[in-house]
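Shared between the two complexes below is chain A, which has chain B as its partner in the first and chain C in the second.
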Partner chain A sequence: MNILVCVKRVRASGGTPQLSADGGGVDTRNLAFTVGPHEECAVEEAIRIAGDAGGRVTVLTAGPPEADEQLRYAISMGADHGVLVDTGDTELDPQATAAALADAIRTLEADGATFDLIMFGNESPDAGHYQVGIRVACALSRAMVGGVKGIDIDQADGRARFRREVPAGVEVYEAALPAAVGVKEGLNLPRYPSMRGRLRARKAEVRGIQPEVAPGTLRRIRLRHPEEAGTQTVVLGHGADAAPAVVDLLEELEVV
Partner chain B sequence: MNTKTLPERADVVVVGAGIVGNSLVYHLADQGWDNIVLIDKGPLPDPGGSTGHASNFIFPVDHSKEITDLTLDSMHQYAKLGVLTTSGGIEIARTEEREEELRRRMASATSWGIDAELVSAARVAELVPFVNRDIIRLGFWTPSAAVVDPLQAGALMREQASDIGNVTISAQTEVLDIETERGEVTKVRTSAGDIETSTVVVACGVWSPRIARMAGATIPLTPLVHQMIDAGPIPELAATGVEIAYPIIRDMDTLMYERQNGPDLEIGSYAHRPILHDPDDIPSLAAAQLSPTQLPFTAPDFDPQMEDALQLFGSILDREDVGVRHAINGLLSFTPDGGPALGETPEVRGLWSAAAVWIKEGPGVGRMLAEWMTHGAAEIDLHAADIARFYPNQRTPAHIRARANEGFNKIYGIVHPREQWESARGARRSPFYAREQALGAEFFEVGGWERPHWYESNRHLLEEMAEAGHQSVQDRPHEWDQRWWSPIINAEHLAMRERVAMIDLSAFAHFDVAGPGVVDYMQKMIVAQADRPVGRLIYTPVLAPNGGFRSDLTVIRLDDDRYRVITGGSDGARDRAWFSRNLPSDGSATLTDLTSAVCTLGLWGPRARDVLSAVTDDDVSGESFKFATARHITIGTIPVLALRVSYVGDLGWELHAPFEQGLALWDIIAEAGAPYGIVPAGIGVYGTTGRMEKGYRLMGAELTSEYTPVDADLGPRKIKDADFIGKEGYLRAREHERIAVMCTLTVDDHRDSLGTRRFPQGGEPILTPHGERIVDRLGRPSYVTSAGSGPSVGAYLLMAYLPVEHAVEGNRLLVQYMGERYPVTVARAGRTPLFDPDDTRMKA
Partner chain C sequence: MHALVMIELDGDGVSASSRETLTLAHRLAGELGEAVEAVVFGDGGRAAESGGLAVSRLHQLDHPMLATYSPELWGESLHQLIARLQPSIVLGPGSDRGLEVMAQAAARADAPLVANCTTISLDRRANGDPPTWTLTRARQGGLLLEDAAVTAPTTFASTAAGAVEAASLGSLREVPVESFTPELDGVVHTQLVDETTQDSGVTLATARIVVSGGRGVGSAEGFEPLEELAKLTGGAVGCSRVATNNGWRPHSDQVGQTGTKISPDLYIACGISGATQHWVGCMNSKAILAINTDPEAPLLTRATYGVIGDVGEVVPAIVDEIHRRTLGNRQSA
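For the complex of A and B:
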């Protein structure tokens, strides 16, 4: 049961992104980077499945050379291999990203790798196009289910069941392996990497792939901050005198 | 507590609500200040500075008395606020070298009166059962080590300050500008309105340089990264149910610490590469992901430390379900010498710095600074923390960055008391530098100046002096004792005593003060009578308003309305700030800094007069040119101000010459001295051996603000009528019964238990014959203030203040050094020198 997880290097949450001078991007000085929460769950799930069923977990990213950090993070959690498709510093559109990933997967498969399941985060926390997973699955002619919050593998049958929450209840899909899946946060509680894992990741070898990327057709024109909503602090009172006002407010908020 | 509108006027505006600003505001209110404003650009209670992410533990013992005293005062305050949890702490040694360092720490603990104990690996494992005892050689156990909550302490201090006085606290208020007029603070412009004030305190941690710059002042520090991680959950720690149940471990050899933090183990490091930041590049509150001073963790820098931590705490850390849950690059402040930057900035009157302070010193710094701002002096001597100690060259970004890069890994390092910096050297060179280099000078640095400490060219003297039977020219057998030292120093000393030596003293600071009001001004500044005849040399204490020492220096009456002030290289910047700050506001006296215009060559020894008379036509005979006078003489084409004075106890002069003629002066003296066997001698002679044989006190060692001229036997017998700064305190000290006496002691037996001859280096405790600590009636401990050879008196000398009952010549005591005790004898109590007690040589 070999699993491939595709991840994206994105800025960590917290703070207001500072736009670069031309408004074309985000000023990345002093920023921490991570993989999105959906993808962290994907990595965690892959490690669990491979741990139960036996098999290897490969983590793949298309991005700048610095995305090596995210691959090693996944390895420190327990993934076995990392593959970096170096697409340079310019962010690609979903079409180009998917093409680069699909090409890389074909390359890995040509080299003898097999992936029973290809996992994606449902969408990236920064661009949020909801496209890359579907495009890759499509390019590789695999079944794809998005929005998944539960995965059961039936290895004997070569099938997987995917659960996802909908307003009316839970939908369950079944697909033959190999398949692809887009997962959502809540699928599991991702582990923190152990210290030993961190050291393992430092020494792990990350395979680099130099892609030939055709530029996508989607272009970002500019970023801007929304109008500031503005918050105001109202002092309800001091000490015990504040109690009635607090109660009123809680009632108003329908908390009590 | 008024948290709404800012007043239009304030007596003081404190910028920064970290532990230092909060403490300061409380203590200012306590000292009776009214109309205090505290602002911070961040929100309360955690505005986002270093206070908010510090690891919050305190080990009280430091080799520095000043830092230890500030720490003890802070612990007392934290405890009083109920935010101190005593956990105990152990510094462990993995190496033999560190074992020695822990023994040295033990001496400092005894000197400063802190309960501590050297313990075995087994005992460490008893106290902290999770450590790998196999790699531990020795532990230094401090039962009083503790963790504190500085944010809660700050909140309580703000509250208490508001209870006492009129305090306005304004969070999320940014300083936009600090306006000055004629070098004095007049106004603070903030995002919440302008405040007129004459006093602003910059307690802004890593942002301090930015804020000070608005007023035109420098606070020489750089933000620098300290990495830390939290690993957990660890069931054994979680089971304690408290924040900290086990002693904190400092793994000194790996430059790391590990402390319990609830269910996690926090691991911090000072071992990674120095990572410096620019104060202008710290992210804003809005942009910061965690906080402006908690920057993204750079994992590769920490990886080697993880291995070290796993080695020591593998039993609880090396588990797959113990994860790294939190990891940051935390910013802290670092000055070029690693000390705090406290006091009024020399550039702008009314602008105070309260920066580069650790959590362990914060409350104490607040209290001391409040005393300083109120009374002009603080209970704890702060001369080594005084921001005015930095010369202009030491305030440059190049210097700050170089020294921070070098100093960061010394935080947990083993730093020899004489250790020299490697970076940013050669900033200031005397005109003799080229000659000194050619003579193989070993340069030590002071204030950026390169000063020869000894000369390899004098190595041949070792044999000569050994043949003459001088023991002191033997090498010291222990590497630590002879590090940054050479027996050549003692050979140079003996050559000076027998013949004559030339010593580069160009690091002296010189300022001329002149004007119609200068006599009154000098009377105010110095203890000695300033109204002396022209040409008279005056050696005098300079006191702080409380009567404690600020400095000791030489003053020459050059003319009716002109004096020259000459002071040591280490204190020149501080003294200049003090003399400038006290100039009369009516302009009747002005100060000109001549430091860069004047070089100084010392010429001392029984043949000094022969050498000098060979190069000048001026009369330098004893009848004409008397001791303690100065006059202009001519040497070749060089106009020289010659001072008949000595810090080494021999006949001779300081020759002050125009800087650009210094090289010529050196060559003339060297040539004329050759027939008399002249040797170049270094500061090892000037500052230690020659000085200590004469019992001369050194500023910062024997002379601190905690001692008065009475204790040091340096005050004049007759007190002048004129007022001077510190007079009241000084008179009070004279009226009291004598409490302590500065003494010179000799080491009677240098052999340790293995028979190796050891030499204390300074800072060690003096003990009674029964091994008890000695403390005077004011609580001041007896410790070695200076240590060094006395080659001409045939003894190794220690200086120390002793309570009167112990300050009896012939009294036998002990000194504790590297875990062993050595017998010592009080050789001199008071000012009378061991060598040439009647000063006949000097006055010949």
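For the complex of A and C:
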């Protein structure tokens, strides 16, 4: 049961992102980086599944050379291998990202690796294109379901079951392996890397792949902040004394 | 040069997010002087009857394998219809399922998909060349906007939830329904094998009042007064990422970028400082009441109303006040 997890280097969430002077991108100086919460859960789940079923976990990223840091973090959690597809500093559009990832996976599989399951975060926390995983799965002719918060593997049968929450309740999907899946935070609680894991990650070898990057079709003009109505907060009071004013408000809304 | 709109059906007929998408499509078609057509999976009759589509044709995707949802089969079917109709733009709802089907179809067509758009307009159209569109899309859960351009024979775009107010689209005239049967043999796909519906009544996504707790609540037990306040107001309980990471609440209660995005009439945020990841989940609330000991907490400065104080004192006092007034009303009645 070999698993490939695709991750993306993103700025660690915190305050409102500052834009570069020309609006061409986010000013990333002095920022910390991480992988998104969905992807951290994907790494955790892959380590658990491979731990139970036996097998290896490979983490793959397309991004700048600095994304090496995110691969090593995943290795410190317990992943076995890291692969960096160097697409440079400029953000690619989702079609180009997916093409680079699919090519890299074909290269890895041509070199003898097999991946029974390819995992993605449902969407990246920054760009949020909601499609890279699906495009990769399509290019590799694999079934793919997104928004998943529960995975059961039936190795004997060569099938996987995926559970996701929808507004109306819960849906369960089944697919034959090899398959692909987009997961969401809530799938598990990711572990913190152990000291031993960190040492291992420092020494681990990360494979580099230089892709041919397609130009893509979506061209960024600029990023900007949405207009936010300048809110003047009405303070209803301090401590328990504020209760009557709060209940007045609830009565206005006719909910009590 | 026409627009095709993907329609999603729910219990009430055409879904709310599909109506928003239709509104955007009609606005765009008005600019272009072109027709709008729509496509529905399964029951085209029901879609047409629910009215207000105002489209020139409604395509119904028909195949026994489409009776239950499958991302790949639905996406492949949409792709085949598009290959035949060759619309210049395909618009779809920004729901999870809508995005999934659009991404599947766009991947198969090797066409661009611009997700979560707030505006779309035609930039230029040279004779014989593919059109160029300029679009604004929401990034980072809506914290940033991206202006972008795309040139392709067919562009897919999904609408950001709440970006457009669904308008009434006029006359309820008969819409011709045309059936299209895709070829689905051999398509690799997942199958929906089980569906359970929760009949919990009020859900986080639809509640008018959401009472939410974060770090300031302090423990799982600390949520009891919040539960009671939600019950008394017919609302739902939510929480911040801190609360789920500490195991105080299940992840399904989480409001935020990686949880549920909500737009209640009133959001009562108890002991939540308001990191951006949380803010993007609740910023569409009509009003926010933040209860926090720290008057400088980001959520308190952005809220409509604020109470400065400890959640453990303020929320029980609100509950008591509601009880006192209801009791008073009963006695005077």
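Throughout what follows, the second predicted complex is superposed on the first by the 227 of 256 C-alpha atoms of A that agree within 3 Å, B and C clash if a C-alpha of one lies under 4 Å from a C-alpha of the other, contacts with A are read in each partner's own complex, and residues count from 1 in each chain.
Just so we're on the same page, a contact is a pair of C-beta atoms (placed from the backbone, for glycine too) under 8 Å apart; a residue touches a chain by one contact, two chains touch by 3 or more.
Fair warning: this is a prediction, and the values are worked out from it, not measured in the lab.
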Winner by number of chain A residues touched, once chain B and chain C are compared: C
Chain B versus chain C as contact partner of A:Ser194, first or second or both or neither: first
Touched partner set for A:Asn30, first chain B, second chain C, both or neither: first
First, second, both or neither for A:Thr16, with chain B first and chain C second: both
Which of chain B and chain C A:Ala240 touches, first, second, both or neither: second
Partner chain in contact with A:Gly146 - chain B first, chain C second, else both or neither: second
Residues of chain A at both interfaces, chain B in one complex, chain C in the other: 13-17
Touching residues on chain A, where the partner in the complex is chain B: 11-18, 27, 29-33, 69, 72, 191-199, 202
Residues on chain A engaged by chain C in the complex (per definition of touch): 13-17, 19, 26, 36-38, 93-95, 98, 125-131, 134-135, 137-139, 141-147, 149, 161-162, 165-175, 179, 184-186, 189, 217-226, 231, 233-244, 246-247, 249-251, 253, 255-256
Residues of chain C touching chain A in the complex: 69, 71-72, 75, 96-97, 99-100, 103-104, 106-108, 110, 112-116, 134, 138-152, 158, 188-198, 203, 205-206, 208-209, 232-235, 241, 244-245, 247, 250-252, 254, 257-259, 265-266, 275-277, 289-290, 300-310, 313-314, 316-318, 320-322, 325-326
Interface residues, chain B side, partner chain A - complex: 231, 281-284, 286-290, 295-297, 299-300, 303, 306-307, 309-310, 317-325
